[in-house]
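My questions all concern the structure below.
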Amino acid sequence: VTGVASLEHAGPADVSFLTHVRHLAAARASRAGALLGPEDVTGMPCPVLRAPAPRLALIELLRLFHPAGGAATGTHPSAVVGDGAAVDPTASVGAFVVIEANAVVGPNARLYPFVYVGAGAEIGESSTLYPHVVVRDGVRIGRRVIIHPGAVLGADGFGYEFDGARHRKIPQIGGVLIEDDVEIGANTTIDRSMVGDTVIRRGTKIDNLVQIAHNVEVGADSIVAAQTGVAGSCRLGQATVLGGQVGIADHVNLGDGVVLAAQSGVMSDLPVSGRYLGTPARPAPLTRRIWVTEAHLPELVRRVRGLERRLEHIERETGHADDAPEPN
Amino acid sequence: VTGVASLEHAGPADVSFLTHVRHLAAARASRAGALLGPEDVTGMPCPVLRAPAPRLALIELLRLFHPAGGAATGTHPSAVVGDGAAVDPTASVGAFVVIEANAVVGPNARLYPFVYVGAGAEIGESSTLYPHVVVRDGVRIGRRVIIHPGAVLGADGFGYEFDGARHRKIPQIGGVLIEDDVEIGANTTIDRSMVGDTVIRRGTKIDNLVQIAHNVEVGADSIVAAQTGVAGSCRLGQATVLGGQVGIADHVNLGDGVVLAAQSGVMSDLPVSGRYLGTPARPAPLTRRIWVTEAHLPELVRRVRGLERRLEHIERETGHADDAPEPN
Amino acid sequence: VTGVASLEHAGPADVSFLTHVRHLAAARASRAGALLGPEDVTGMPCPVLRAPAPRLALIELLRLFHPAGGAATGTHPSAVVGDGAAVDPTASVGAFVVIEANAVVGPNARLYPFVYVGAGAEIGESSTLYPHVVVRDGVRIGRRVIIHPGAVLGADGFGYEFDGARHRKIPQIGGVLIEDDVEIGANTTIDRSMVGDTVIRRGTKIDNLVQIAHNVEVGADSIVAAQTGVAGSCRLGQATVLGGQVGIADHVNLGDGVVLAAQSGVMSDLPVSGRYLGTPARPAPLTRRIWVTEAHLPELVRRVRGLERRLEHIERETGHADDAPEPN
């Protein structure tokens, strides 16, 4: 076999993969030359590579057939490197990169074309910054961090104070700290703080078009899906999971292991681990029950109207109306 | 007349346009020197260009007064073109463009400054890429495609597998395919797949800040408004219309002609053409009825409390309480 | 003291600040060498700088310790400046900036690397454009405007007309006007109009990843938080406040002083100043009452079912059922 392909598209020269039981029929119908699958799978039309955790084995398989391209080390002649900046000789700095004064670029870091590294910023060992990433002054980025195209780290936090006549800008002199093994999606924005740091802890993965406001801390090993917004000064625990388009109001704390379904809106602390859903975010089973019930709301109103009519009738007929005034 | 202007701003030297009946009064009050309007319009204060489809005629009018500026053909001396890249001599390649090895840029394509074209990527004939567009390696773009500033095509899909200790990145070795006559908005992101392609079919128009995740297929002639997000592996039919800030969960299928109103959230398949609204997305008339009813919810609770009080009174007075245990 | 730090992180060499009563305990426990606070504060462990408006005084304090870095005036030799463009000699134009023909860059303006200024565009005095900002042709930007990295001003409005076979693009030949003292967040997009201008009035502050569509007017001194979207032809009054992830449908008018809480969705005019919440946006107290009530919806349905059962029992026992047909 010469490549990896989906069950649907694989041919005799491809290895494919069965990583979810819902694809069992597709696997049986696949034209793949070989298949990666769980240990107990049977009835496949081709040889099966059995693995106790097929999705983890798939990672190795994909790497095997598509090894990461090594970048040429060194700095492209068109790059502009400021006074006092330290670029490790094993780093790869692409065309039209700008590295401002006193910035540091670590060993084996890779900066694609058009990356901007502000004054005094630090890029850790083996980190990759794709084209058009902006790292403003003083932002510190750990090791093995991946930042996708167009992400902006360290823009000013959104802070103003109204003086009676106009909104006056509060200087944002704090920074951004990205710990090791973090991944940040395309066109995502992570703002600097007024003082202190906005922090993304170790191992956390952030998708595209996410907004992380000033002074937020996102705990380690968290997952933040696309278009989610976290307002200023929130504290997210470890291993939190935020679905797409979630919104979290400022100064909210989420406990370790809190899972927010897509489009949830959170306005107050959720200290207890668990799955939450909806705006306002509630325990997921409660929100689901509300959603089922609200679909019958128009009918419920009709039923209440019917009850009122029938009750009035009986009250009249039996002469037993309750004439006490309605309590508040 | 020397230009085109709105009914409100047009003067005697401008031609204006009446394309919606709600602007009839504004048209009658306009100072425009001439007016484009429907065939049956009367009572206008200036000469009228009558057209059976005034909005289509307006397109011609706008083009007439503001012809698209032709770009100088050829490659700006500052651009960096990699080994084996093929740039058609009729293409226009702006300052500081980077075209990596083996990429292809077709006839009459226009690449504005700071465009990045990854290794092996293809830009079709007469396509326009505005400043700061990022096209990562291997992405294929058709003919007459327009990509607005800052859009990112082919960043890694958001895929991880937890190995018990940390989230491990699943290599994203698939691609992105953009068919002919597609338009993609500013700072929109369209991710590459793990295997196979993320596909935007012919004639589809996508607005700003939209997220299209890995392995999605958007059917032909669809409309996707700003800030909408489509999660991984969704299949959207032809001529679907997604309003702004819509969210679609992963693996959801939408049938041809499905219309989702703004801010809708879709968690399961919608195979049948029609207009849907809300989170969860329901047929629009149902969601509107729920919205009307829920505004009276606090009052409904008071009515039910009143019924309970009155019924209790009658039960007491008549001695006819139903003492059977409440069924579950 | 040598710097400014939060109550939590300040040491003896830092001045800290007490700007909200909820931080009183933290202030009492702080190790700060000095404290900025309100005039009536007591019991602090260090000298206190008393100010009638501590948050405004904080602005001065932050500026004092972190004065804005002056940029070198002049144009970096790598910048590309088109024919007829006028760059004031006091402006600072960074590496790889592109200024197209006939554009104007005012006195003391600062353009960071990779900024793109389209043909005929105007950048006012003392405005700052961070890296990767795109200002398309003809866009006019006032004085003291700050535009954060990756923002795109003047991309085409999202306008098409279906001709029976395909969506035909409506040329967008209008412009964008940004008045004085506006701030625009990272990766935000503000589209140009078909005709006329999209306008952001004086003193308005816009956060990251916001979408402002064609022909919108945002009134003076407004606040627009992150990821909010304003659809085409909306008119927002003065001093409006839009929370994060708000969506406003096209052609909606908001009165002066309208405040929309985060994630609100607005589908019709809100002419009266006040606080609105939810989708659809309603006066905030009403939406909060609905949210409280809907959490009890499943219980309410049970209560109505109970009433129906009990009433039927009484009707049977008393022989006083209302047999009139249910009105519609």
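Which chain is which? They are A, B and C, in the order written, and residues in each are numbered from 1.
Keep this in mind: a contact is a pair of C-beta atoms (placed from the backbone, for glycine too) under 8 Å apart; a residue touches a chain by one contact, two chains touch by 3 or more.
Please read all numbers here as calculations on a predicted model, not as lab measurements.
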The assertion on chain A/chain C checks that the Cα superposition rotation, as a multiple of 5 degrees, is 120
Indicate whether more than half of the residue numbers at the chain B-chain C interface occur in both copies; give same if so and different if not. different
Averaging over Cα atoms per chain, report the distance between chain B and chain C in Å. 21
Multi-chain contacts only, two chains or more: what residues does chain B have there? 78, 96, 114, 132, 150, 187, 209, 227, 245, 294, 297, 300, 304, 307, 311, 314, 318
Complex interface listing, chain C residues touching chain A: 4-6, 8-9, 53, 55-56, 58-59, 62-63, 65-66, 68-69, 76, 78, 94-96, 112-114, 130-132, 146, 148-150, 181, 183, 185-187, 203, 205, 207-209, 221, 223, 225-227, 244-245, 262-263, 278, 291, 294-295, 297-298, 300-301, 304, 307-308, 311, 314-315, 318, 320-322, 324, 326
Within the complex, which stretch of chain B touches chain A? 78, 80, 96, 98, 114, 116, 119, 132, 134, 136, 150, 152, 155-156, 158, 160-161, 163, 166-171, 173, 187, 189, 191, 194-196, 209, 211, 213, 227, 229, 231, 245, 247, 249, 265, 279-280, 282, 286, 289-290, 293-294, 296-297, 300, 303-304, 306-307, 309-311, 313-314, 317-318
